[in-house]
Every structure is written in structure tokens, then in C-alpha cells.
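Two complexes are shown next, each including chain A; its partner changes from chain B in the first to chain C in the second.
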Partner chain A sequence: MWNYIVRRLLYNIPVYLGIILILMALLRFGAADPAYTFLGKNADPGDLEKIRHQLGLDKPFFVQYVQFLWEVLTLNFEQESWGRPGRTVGEMLSTAYIPTLLITVPGLMITATISICVGLISAFNRGRLADRTLMVLAVVGMSVSFLVYIIVGQYYGAFQLKEWVGTEIFAIEGFDLEENGFIAGWLTYCALPVIISVIVAMGYDTRFYRAVMVEESSKDYMVTAKAKGAGRRKVMFVHMLKNAMIPIITRVMTTLPFLIVGSVLLEYYFNIPGMGNRLLGAIFDKDFPVIQAFTAIFAVVFILSNILTDVLYALVDPRVRLQ
Partner chain B sequence: MWKPQRSIVVRALALSTALSLAPALTAAPTTDPGPGGKDLKVIQLPLRSDAPKTIDPGRGSTTYDNRACSMVYDTLLQYSYLQRDPFVLEPALLTKMPICAEDGVTWTFQLKKGIVFQDNDCFPGGKGRELVAEDVFYSWKRQADDATKAKSWWLYKDTIVGFDAYRDAQNAAAKAGGKFDYDVPVEGMKVIDDHNFQIVLTEPVYRFIWVLAMFQTSVVPREAVEHYGNRFSRNPVGTGPYMLDEWTDLGMSFVRNPTYREEFFPTNLQEGDDAIVAESSKGQRLPIIDRVEYTFYKKDQPMWLRFEEGTLGYTQVPAENYETAFNRRTKKLNSAYKRRGIVAADVPLLDFIFRQFNMQDELVGGYTPEKVALRRAIILATDFDEFNSSFYNDKVIVYDGMIPPGLDGHPNNEEHRAGPEYRGKNIALAKEYLAKAGYPNGEGLPKIDYYVANSANSPEQADLTARQLGEIGIELNVRMMDFSSLIEACDNKKAQFFSFAWSSDYPDAENNLALFYGPNQSPGSNHANYENEEFDRLYEQTRSMEPSAKRTEIYIRMRDMVLDHAAFAGSMARTRSYLIQPWLRNFKPTEQFYNWVKYLDVEESLRE
Partner chain C sequence: MTPKFLRSRGAKKFFKSRLATFSLFVIGIYTAIGIAVLFFDAITVDDTLQRVGPDSTPMIGEQKIEKRLRDADFHLARLESALNKKEEDVENAIANLALAERGISDKPREELKSEVARGWELYDELATQKDDAEFDAFDGKKKELKEQGIDDNEQVQKLAGNAADEAVEALVTSEDFVGSLEELEGIVAALYRPLTGWDATMYNLRRSIGTDRQGRSISIRALFSIKIALQIGVVSALISVIFGSLLGAAAAFYGGLIDHLVVWLYSTFSSIPSLIFLIVISYRFTGTQWESSLLPVYVAFCLTFWIGPCRIVRGEVLKIKELEYVQAATAVGFGKFYILLKHVVPNTMHLMFINFSLLFIGAIKSEVILSFLGLGVKNQPSWGIMIRDSGPEVVNGFFPQLGAATVFMFILVISFNVLSDALQDAFDPKHVS
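Up next, the complex of A and B:
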């Protein structure tokens, strides 16, 4: 297995170099000149050149590319952010991933758990009222925009709820895990965004898992299990679920890299100082060092999660061999 | 809502205790912060859309930077808080307004004595020292230093004798491996003694007086810049009313500067100010609030809800909440808000929102009657009133010319009109002009490239423009792009016809007229690439003139010259609506300057 992992890692080096190359080229040749953003409406032609020089944009592209790769290789993210003077890229990113993970990880776990259970129930009751009701709810849930959930959720779940009960259950916005302790802080500031993200993701995931379970339920081993007298619960949670693990792992693992990106909309509306918030700010500011560092990290996580997915396949399904 | 860390609150309380031990600080305090800070006056305010990027006046340029810098730093002059229409300057760090010699270029300044920088580790023993004349020049020289990455050199460019040459020489020396020497004197900057200095301008330029109130010219101590290096952006040390306490991604908080100079609430109340100003505030030592907490709101809904729940002292009214707050027909505040004691205030902005032609473009540019006729057809087919009702809740002022309401030279009649043929919608006349241009009903006219910066509703606005011009047979090729791409296209003179907005940097029409001054052509701010020798001559003449009837008359002539050449289609100026909590006192909203937080007060009995 270790041979396989090392080999996959080596194979991915050119892919990684290509990702960074494309990103840097797109930023430099496909987007507007950041010097204009930097100087604003009173940009002076002479100052534009100076700013390009100070930002290192006048260096040959290859030199910029190698310099950045060296920074990634040495994990040196000490370059000053262009958009937030006085802060390094490392500081910008290191303080942002925790708030994001506090939203996305519980969101993923809750969504996956509930969706798999609902998918199982739905598949087991295929064609019956319970199945049809659950699927109608899933489709309705999918059809409503994420933005609507956020706006309505923030209004009723935070503002109106406070008006009704007279005390703040969920905060309208903000992020503070210190004032009242971690648990209370998380419940106040993170629980509502998590609930919203779960509701939004449930529709998609439930339909997906149902489809997986339906496919499994028609296989011979299910008939055999039932014929041998296995109980309904055992058939569902032991036989069917175990055999459905490959698509479940695929689904969960492909989501994994996106956990660090966070949800831009959720973070914007709920004022959560996470990665999505920061990345979008960096894009608006044309803050190349932050965008590049973020993408470099994201690409690493993406590649690693792909490899990990393969490893997990082998662990849950003995028929899969890593070669 | 962003909340400061507990330790910060504790520090603030400790500070209030310290304040209570410093009776000299407040001449007539409304509350006496006792031990434990029971009576600490705290206020929460919003910062909408974005956050400050820096609290270094040398590097800042945005409204948000301005708001943060204005808390911590002082300028030589400041806007008189209660005086509007017209705005008036008054001394801040100076004892009196600067005196201009008869030559019109030599200005003499006298600093107030005893103004000290906030206590900070950068000073020996952590004790802030007195601000002296050298600090002023040092702060301005930072704008010349490439290492500062300053964005506001344009304020000084070609203005002070020898300053441009100093900039070039010092940056060249730094580039060659030497250093940017702040001790090298500049010919036009003369220190007389610690509290007196002179500036010699390259030519009489009246706008210089406005520059002295801009936050970019705030005074910073050299020790702090050298002590903090790149971190100075986040470690401000000024002489302003507040000190930075905490700055996170969600907000920033400031606490009262215990060594702030002696300044009192103004007594020159204007008409209507009695309803705004708390009786107890009159003549009170500034700042009044002990602690100010800003939250950054990138989205409007959370800001609006925080105001609704009574946390924020005021809010701008987002477009989507306009009809919640106001009756759409009467524009009056809805009774639900009136019952809560909330008051509304409209703030007219010094806006120039317009559609500009590239006067050097082969199709839409040029000065021949046919070319002017084409542009006039476009202008007359454009209905800004429809934009007003569709996108601005009928809250913008549609006007002729480039001079916004409130400034000398603005057409001050009821309809803001400068002439009968300057503005649409007049489809019949537009068609006539289009025929005069050689394109009857648009026949033979190629599609016009219309450049638009991508923002909230700009695609819809571009669609409306296309539909309106389509009525006379003109087709647009709409090109949406981000703002910097638009600027780049304008700088390269590639943008044929484009949507643009200009907010006046200071309340003088000179700032707007400069957009049509020949030497400012792209890549300068004259993106129309407008050329008119007579206009340029008058512009140069008015630059040295103080406000007067004669200057206003010249402004009007210049305005009408550009209107006659139909160099742009316009104009609109937004009015921003504010809602203010009943407990927030002394708030007279403006977006022209931002050092007004020191005047605010809260009436705790109403807040409870």
C-alpha cells in the first residue's frame, strides 16, 4: 500500500506544478492588472509602473513561478498581503481555516448521517408513501436557492426567534468562541449556519444515497439475506450499507477538499471570518499572494484526499487491490 | 455582531478606571466613569460593504481606511462638523487657518502647542511626545517614498516646490542601494521652529487647502513608523481622539485617547441642529464616547437586523429595505419607526454618475457637428429618471453637468437643468440629431461598445441603457468587466462609451472639472480625452481662485462648454438614507469626512 501511496504522490507532482502554472498564468495574463486595483481611481501612470515593480509583477513570469514554488516548498508564506498591508499571507490563512471547519465539518457529518439514513429508509420503502414523501421534500429542498435559506434562516432563526423568546439563541451574525466558552459560542454563532447548510445539502445527498441504496437493494445478496431470515434493520444497516460504502466514500471524500473552502455565502451573511470570506476578499482585492497560497493548499488537500479515497476503497472492500 | 475579546473589555474597563483618575480629561463629563467602568459609554457602529485595509494614512486610500484613520489620526485642518452646504474647514492641529502670503504660494502654519502622540512602546518610556513641525513634513514625505506603497501621491504631485524632485532623487538613491533620506530638506517645506512652518507651492492652488483636511495628510510619528516597519499599518500611533484597541476580521474597536488635545463640542449650531444635539453635549470636551466598536458588514441583511434589534447606533438604508423603512410614495419614514423614536436623515453625496464618450474614438468621438449630433442623440435618448425609479427608489438627483448638487457651479434651479437640450428623454429630438449625424433611425451606425464595471445591478442598468438607445435605433455591444479592467480600458483609450462614477475628493467643483482638463487625458483622470484650449485656460485660471461669484461664473462656463460638446451623458448624484436610533445623539450624517465619531453621544436612558 505504501508503495502505491508514494507512487501516486510522485505522479501527482507534475499535476500540481501544472495547477500552479495555470493559476499564475491566469492571474497574470487573464485578469486585469492588479496595479489599477491597488491605486484606485486616482492612479498615476508613473505610479502604476512603480507598483508593478514593488509587487514583483515586472519580473519574468518564470521567475515569479519558481519563486512561488519555492515558497510553497519551504512553507514560507511570509509575504505581505497586497490587500491587507501589515499582514502576512500565512497569518491571513492560518486564522481562517478554524472558523470554516467549525461550520463545514459538523455540516458534512450531520448531512451525511441523516442523508444516508433517509436514503436507506426511502430505498427500503421504495414506491411507498414514505419514500414518495421524502423524495418530494428532497426535491423541494433542492429547488430553493441557498440564498433564500440563508436570508430566511437568518431572519426567522436568529432575529425573529430572539424577538419571540426575548433572548438570543442564535446570533444574527458574528463569531466569538471566547466570551462564553467554546460550546456556548459554537451554538450561538455556528449552529444556525450549520443547520442551514445541512438543510441545503440534504436534498441533493438524500436523492443520491437513495439511488445508491435502491441499486443495492435489487442485488442478489439482499434477497439471500432476507431469505436467510435477517431482520429488516440488519439487512439495511449491515448488508446494504456495507455494500454501498464505495459510493458513500466517494461522495464524502470528494466533498472533503471543499470543506476548507467553506461557504462564501454563509460566511458573508453570518460574518464568519473563514476561508471563503477571505478568498473572496482576496479575489476582489486582486491579492495574488493570498489567492496563490490558498490555491496551492487547496490543490494539496485535493490530491491527498483523492489518494486517501483509493486507500479507503481498499480498506472497505477486500476486492479492491491497490497496485 | 463582532464582539471584542473579554481581555480587551477588561482592558477597556481598566482604561475607564484610569480615566476616572484623570479629572482633567473632561471639562464637563455627562458621566463619570467610576472604578469598574460602570458608566463607560460604548457604541456599536456599522462599516458597510468592506473593511479598512490599513490604518496608515500613508498607505490608505479608501473610505474605509479614511474612517479608521480618522479615529486615530489628526489632520492640520478638519471639516466644521455642523456646517454643511457649503462645507467649511477649521483648524484641527493648527491654532488658526493657514495664512497665505500675497504671492499666493507661500503658506504659513502654526501648530497648537502641547499636542502629544498617544502613549506607545515606540517612544522612550512608552510616553507619547509632542507633535512638532518636522512630524508634518515627515508624514508627507512618506507619501513620496516608494517603500510606503502610497496611493495618494496625486495630492502632492506638482504642488510643493522641490517635492517632486526630492521624490525622484530619494527613490533613485534607494533603488541604487542607498536609502530614502527623510532628513534631506525639500525646498518648499520650511521649518521655522517646532510649532511654525511654511509651505511654498509651485503655483497658487486653492485646492491645497482641502488637501490639508484629507486623512492621507494626517501626521504620524517617525518613531512609530520605524519601530513597527511593515506592521505600522496595523499599529497606529496618532494624536487623534481614539486609540486602536483591537482589529479582527469582523470588526475593530477604539478606546478614548486620554491624551487627546483639548477640543470641545462646537457651539455654532445650524438650523435644525437643536433636534440632533444633546443639550449636555454642548461645549463638552471631546471625544464623548469612551469606546467605539465597529462591525464590518459585507452583506446588508445582518446590518439591517442588528439595527432593528437596537444594537447599532445607525444604519444606512439598504435598497431592499427602503420600502420597509419609508413610504414609497411620500418618502416619509414609516410610522412603526417613528413610534420607536427612530429618525431618518438624507445625505446627498457629491456624486457624478455618468456615461462617458471617448472623444478620441473614431465613431463616437470628435468635435464636428455630426459627431456632436451623434452623442447628443444618445444623451437625449437616455432617460435618467427611469434609472432613478428603477434602481435608486427615486432617491438620486438627476442633473446637468459634472458639478454635483451642493457645489458652486451646479445648476441650482428646481430641475437641476443647465439647458433645454442637455438631457433626455426626448426621443423625437434624439432621432433628429441621429439623422443629423448621418444615421437616420440608426441606419448604418455600427454597434457601439459600451463598457460597464460589474457591480450589484450593473447588468440590469446596462440592459436598460441598451433598451433606451434601442428606441432610436442605436445598438450597444455591452462589455461587462471588473472595475480595474474598465480603468485599464479607459487608460488605454480603448473604451468607446462607458459607465463611470466619480465621488468628489473634496467639496470643490475643481475636482470634477479636472476630469475634462486636457493635460489629464488618459491615462490620467480625463478618460473622455476631452480637449478644449479655452476650457484648459479657464481651469488653470480658477485653480488659484478662492470661492467667489466670479469663480462660480467661470465654473458654469466650463460646465456648459463640455455640455455643448456632449462629452458625456449624465448625471446622477445619490442621496443616502440613514436611520438613527433615538439614543444616538449629535449624529449629523455625512460621507464627506469621517472624524465625526468624536462628537457622538449616547443617551443611556433611552437605550435601556
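Up next, the complex of A and C:
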């Protein structure tokens, strides 16, 4: 097992080096240089030099590469943000991840639970009216833009609901956990974005899980189980669900990195100070140090979750370890 | 697509599905509109910027009296602005006006001017009546509430507002008011040439859904956006599918170092979440000469989209290259490159079609998101920009713009969703339906 984990880790090192290389090159070469983009056409050459020197942009690329790798490895980002002077990138990072996780983790868990159930129901009734209705709904749901869910959800879920009920149940925007305590704060500020993210993800996930279950149900062991006289329900929910766990785990794990990113639009629209919102703010401010550090962190999380998926895979299915 | 391809079992299965054929038909209509806009300038960017009516007015559904009043105001103002130009410019000014197809009637200029003045008089009278009724009712209710001792400001505003609405409603439905309004509309109609044929169609089309906050036609903007969506979808999906599949096929077929390199490349690129990657690339183009073109969007999409087809085609080619017909081709003495292009790649065609369809959906959806964030399409309308513009409108309960963008996009995306499902059903034996 350990052997396998170490192999996965070693395998991912070149990928990781490559990501940082591509990101840094992408941010430095090509169009305009970051300091110029930040200060604009009429910038004073002295200022440009100063800002480049401050970030080490005047050093050779290789030196910058090694330095930045070290920063990412130690998670120690000392540079000052350009857009918000006086705050270092590290500080921004450490305050931004909590709101993001508060939206994405519940979102992921609820989505996975509901869509696995719906997928099972759909596969159980394959070809019948219930299955068809659910799948048509899933395709329709997939075809509407994310933005429409957000805008309409905010209008009816926060704005109109307040008019109907008389008190504020979901806040229109903002984020404040201190004022009324954690749970009340979460319900006011995060619950609506979570509901919207669940609705958006349902279509895709339901279709996927249904496909997994339908595929499993045509395998030989299912026929054997049925031949032995196991009831239809038992075959479905005991024999099949266990075997379907592998693709399910993969699916859940591959959506893990999108936990951080997936909520970019939600955070932006509901004005929640999470990672995605900070990154977008940095893009609008042309805040180079923040953009670089945040994208690198996203990549790290992505790779870590990939490794975690592989390990879980090996735990569930011992055959994987030998490959 | 050769006729041979159309005669294949998969193609027959595909065309048997009525839903898939219908979705192809819908996509065909969209493509026709897109081509008409792109190559024949059926709708220009200027068309999408013109004022075609009073601002934030839905034109679908029942025409309320207030809306009719504002419309009369718009038409009077439009004519007056042309008449106030210097003598020789009038023809020009009219031709350059918004809604150019609605010409001004041939009456002599002085007569037109006096008619406009008469129209304004009537309009002012009606508008004053309405405002007076509103203010009187509002103030009256406020006083009444004060006497009753209700002090809560919010409640007072609400109740007084309701009273004012009621008073206006009572006034505008009264026979006198409606009669005067009809007279005003008669004056306005007489000022313009009657519309016939194509002009009338265009005029009705422009005003079919409604206007946004700047009085621009929502229907024209939504139709123009079809071109943007198709352009972005076709260009980025086509480039990424061709590039990605060829790379994947080559990697699997040649193996060795090339394979390692390609696998490393796509695992690296796929480790940066695509939305983040799109955002960063769009950022990199700010401040350059391509900033306001579609180039940043194309680059961003192509750099992220090639991964999917590359991975899938590589997997398929790994299987194909062990098959007998490839061995046979090798035994006959064909070169590796020839076999790859002639025998291997054509057998991954179905995967390319499926991926094209999937990427097309991805491109349209991502374009909307990027444009919404202000990083995508610039200087011309797109569904994303319409949705962004509709944000403040929705707060005021005005939905036509959001609705139009959503419906236009929804129909295209769902057609492609149905199409890719049908393609997968027909050509991909692994796919579960």
C-alpha cells in the first residue's frame, strides 16, 4: 500500500513542476508584462522598475521559478498584494478559504447524497415513466445557464421571499458569521448559495450515477445473484451499490478540487469573501501576486485530491495496487 | 461525412431517433441565423445599439395604458429630433434614425411640426393628469395615515404607494383618458408612413420582446448573440477537437517519449481548473491590442478544451493499434504516418463528433460565464452580456432580457445535449442510455 502511495506521489512531481512552470510562464511572457498591465499605459518608468524589483520580476526566470516553488511548498507567501496594499498574499489566503469551504463542502455532500439516491431510483425504474421524467428533467436542468439559476435564485430565494414572509430568511448578499453566531450566520448567508449549487450540479451528477448503476446492473454477478433467487431490491441496493462504489468515489473525489473553484460565480454574485471571489477581485485589479499564488494553490489542491483519489481507489479495489 | 458514413449502422440508428433529427433541425435554424448575421450582415452591431422604444418596456403580453403613453412619447421625440436638424439634413437624419425602416410621412415640414406640437400638448396634458392623480392620492393617503397616528415610515410609504397606484389605475382606465390617448396615438400614427411588407416585419421583430434599460431591442440583441455563440462554439470546438484528437492519436500510436510527453502535457493542463485557466488567460490579454476581439476567448477555450478529446482518442487508439487491420496494413508495408492518418484516425471519427458536440455546449456555457464576468466578449452583445445587464433589471422585477437570453441559449444548448446523447447512443457502444 505504502509502496503504491509513494509511487503516486513521485509520479505527480513532474506534473506539479509542469503546472507551476506553465502558470508562471503564462503570467509573464506573451502579451504585456504584469507590472505594465497593473499600472497602465501612462506609468512612470521608475514605478514600473520599482514594482518589478519588489516582486523579483527582474530576476532570471529560473530563479523566480525556484523561489516561487519554495513559497508554494512552504505555503509562505510574503509578498504584498498590489490591489490591497498592506496585506500579504498569505494573509488573504488564510482568510479566504473558510467561506469557500463553508459553501462547497455542504454543497458537495448534499449533491452527492441526493443525486446518488435519484440515480438509484432512476436505474431501478429503468425505462419507466419515473426514469424518463427524471432524465428529461436532468437534461433540461443541464441546459440552463448557471447564471440564470443564480440570478433567479437570488431574486426569488432572497428578495421575493422576504416580501412574502415578511422577515429576512436568506440574505441577498454578504457574509458575516460573527453577528448572530455560526449556525444562524451560515443559514442566512450560505444556505441559499448551497441550495443553488446543489440544484445546478444535480443534473450532471444524476445522469452520471444513473449511467453507472445501469452499467453495473447488466454485469454477470447481477445475473448470478438474481439466478440464486435474491430479490430485486436486494440485488439493486446491496450487491450493486457496493460495486458501484468505485465510480462513485472517483466522481466525488474528482469534484473535490472544484469545491474551491466551483463557487467562483456564487461567491462573486453573493459577495462572499472566499477564494474564488478574491481571485476574481485580483483579476479585476490586475493584482499579479495574488493571481499567481491563488492559481498555484488551486493546482496544488487539484493534485492532492488526485493522489487521494488514487489512494482511496486502491483501498476499495485491491487490484489497482498491483498495476 | 461520406455517403458511406451515412449508410453505417450507427448513422441509421442516429437518424431513427426523432428527437435527434429534430434537434439537428433546430441547430440548423440557429446556424442559418448565425450565417445570415455573420456573412450577410442581416443584423449589424449598430442595430443592436439603436433605441427602438421607451426604456425597460416589455412588449410581450397586454399593452398597458402607461406603456402606450410612453411609446407615444418615444415616437414624438424621435420625430422631433429629426425635424430640429437643419433643413437639408432632414432626409439624412431620418435615414439615420433608429428604426430607419419606419419613415416619416410625406407631409410638408411645417405641417409635421405643428402636428408634433399638437401631439406634445396632448401628451403633456395626459402626463400631467396622471402625475397629479398620483401625487394627490399619495399625499392624501399620507395625511390620512398621519391623522390615524401611523408613524412607521416604511408602512406609510407602502400604503401611500398603493393608494397612488390605485388612483392612477382608476384614472387611466377612465373613458376620457383612454379617448385622449387614442387621439394622441392617432396623431402619432399619422406622422409616420404606414409600414408594409419586409419593413413591417423588421419593425415588429425589433419591438417583439421589449427593450432594455437603454431602449435597445432585446430580440435583436438575442438574435445577434446567436452569431457570437456559434462563432465561438464552432471555432474553439473545431480547433480543440482536431488538435486534441490528432495529438492523442499520435501519442498512442507512436508511444514512447511522445506518449509520455502528451500524457504529461494533458495531466498538467487538466490540473488547473478550467474556469480559473479561462479567467487567467483572459486577464493576460487585458491591455493588448486583441483585448476587445474574440481572440482571448478562442485562445482560452482551445487551451482548455483539447484535453478531453486528446484523452479519449488516445485511449481508443491504444486499442485500435492492436487490431488486425492495422497489423495487416503494417504487413503490406505502409508507413506508420500513413496508417495513422488513413486507418486509425478515421476510426475515431465518431468520438470526434461526440466530443465536438460536447465541447460546443461547453464553449457556449463558458462564453456566457466569461462575458458575465466582463472577461469574454466585448463591444458587442452576447447572451452572457445580456444576462449581466439584466442583473439590475431583475431587481426591479423586469424579466424580458434575462428570459430572452435564457430561452435562446436554452434551446441551442438542449438541442446539442440531445444531439450528443443521440450520437453517443448510436456510435459509442460503451454509452448507457
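Things worth noting here:
One rule holds in what follows: the second predicted complex is superposed on the first by the 290 of 323 C-alpha atoms of A that agree within 3 Å, B and C clash if a C-alpha of one lies under 4 Å from a C-alpha of the other, contacts with A are read in each partner's own complex, and residues count from 1 in each chain.
Note that in this section a contact is a pair of C-beta atoms (placed from the backbone, for glycine too) under 8 Å apart; a residue touches a chain by one contact, two chains touch by 3 or more.
Keep in mind that this is a model prediction, so the values were computed, not measured.
Shared-chain residue A:63: touches no atom of chain B or chain C. When both complexes are overlaid on chain A, the residue A:98 reaches neither chain B nor chain C. By the touch criterion defined above, A:286 lies against chain B and chain C together after alignment on the C-alpha atoms of chain A. By the document's definition of touching, of the two partners only chain B reaches A:51; chain C does not. When the two structures are aligned on the shared chain, A:139 is found in touch with chain C, with no touch to chain B. By the touch criterion defined above, A:151 lies against chain B and chain C together after alignment on the C-alpha atoms of chain A.
In the superposition on chain A, A:159 makes contact with both chain B and chain C. When the two structures are aligned on the shared chain, A:214 is found in touch with chain C, with no touch to chain B. When the two structures are aligned on the shared chain, A:37 is found in touch with chain B and with chain C. On chain A, the surface patch touched by chain B in one complex and by chain C in the other comprises residues 32, 36-37, 40-41, 151, 155, 159, 268, 286. Here chain A touches chain C in the complex through residues 14-16, 18-19, 22-23, 26-27, 30-32, 36-37, 40-41, 139-140, 142-148, 151-152, 155, 159, 210-211, 214-215, 257-258, 260-261, 264-265, 268, 279-280, 283-284, 286, 291, 295, 298-299, 302-303, 306, going by the rule given at the top.
By the touch criterion given at the top, residues 32-34, 36-45, 47-48, 50-51, 54, 80, 83-87, 95-96, 151, 154-155, 158-159, 162-163, 171-176, 178-179, 268-271, 273, 277-278, 285-286 of chain A touch chain B in their complex. Residues of chain B touching chain A in their complex: 1-3, 5-6, 53-54, 56, 59, 61-62, 146, 149, 151-154, 157, 230-235, 248-250, 295-299, 301-302, 305-306, 308-309, 481-485, 487-488, 491, 502, 505, 523-525. Contact residues on chain C toward chain A in their complex (touch as defined above): 264-265, 267-269, 271-273, 275-276, 279-288, 290, 365, 368-369, 372-375, 383-384, 387, 390-391, 394-395, 402, 406, 409-410, 413-414, 417-418, 421, 431-432.
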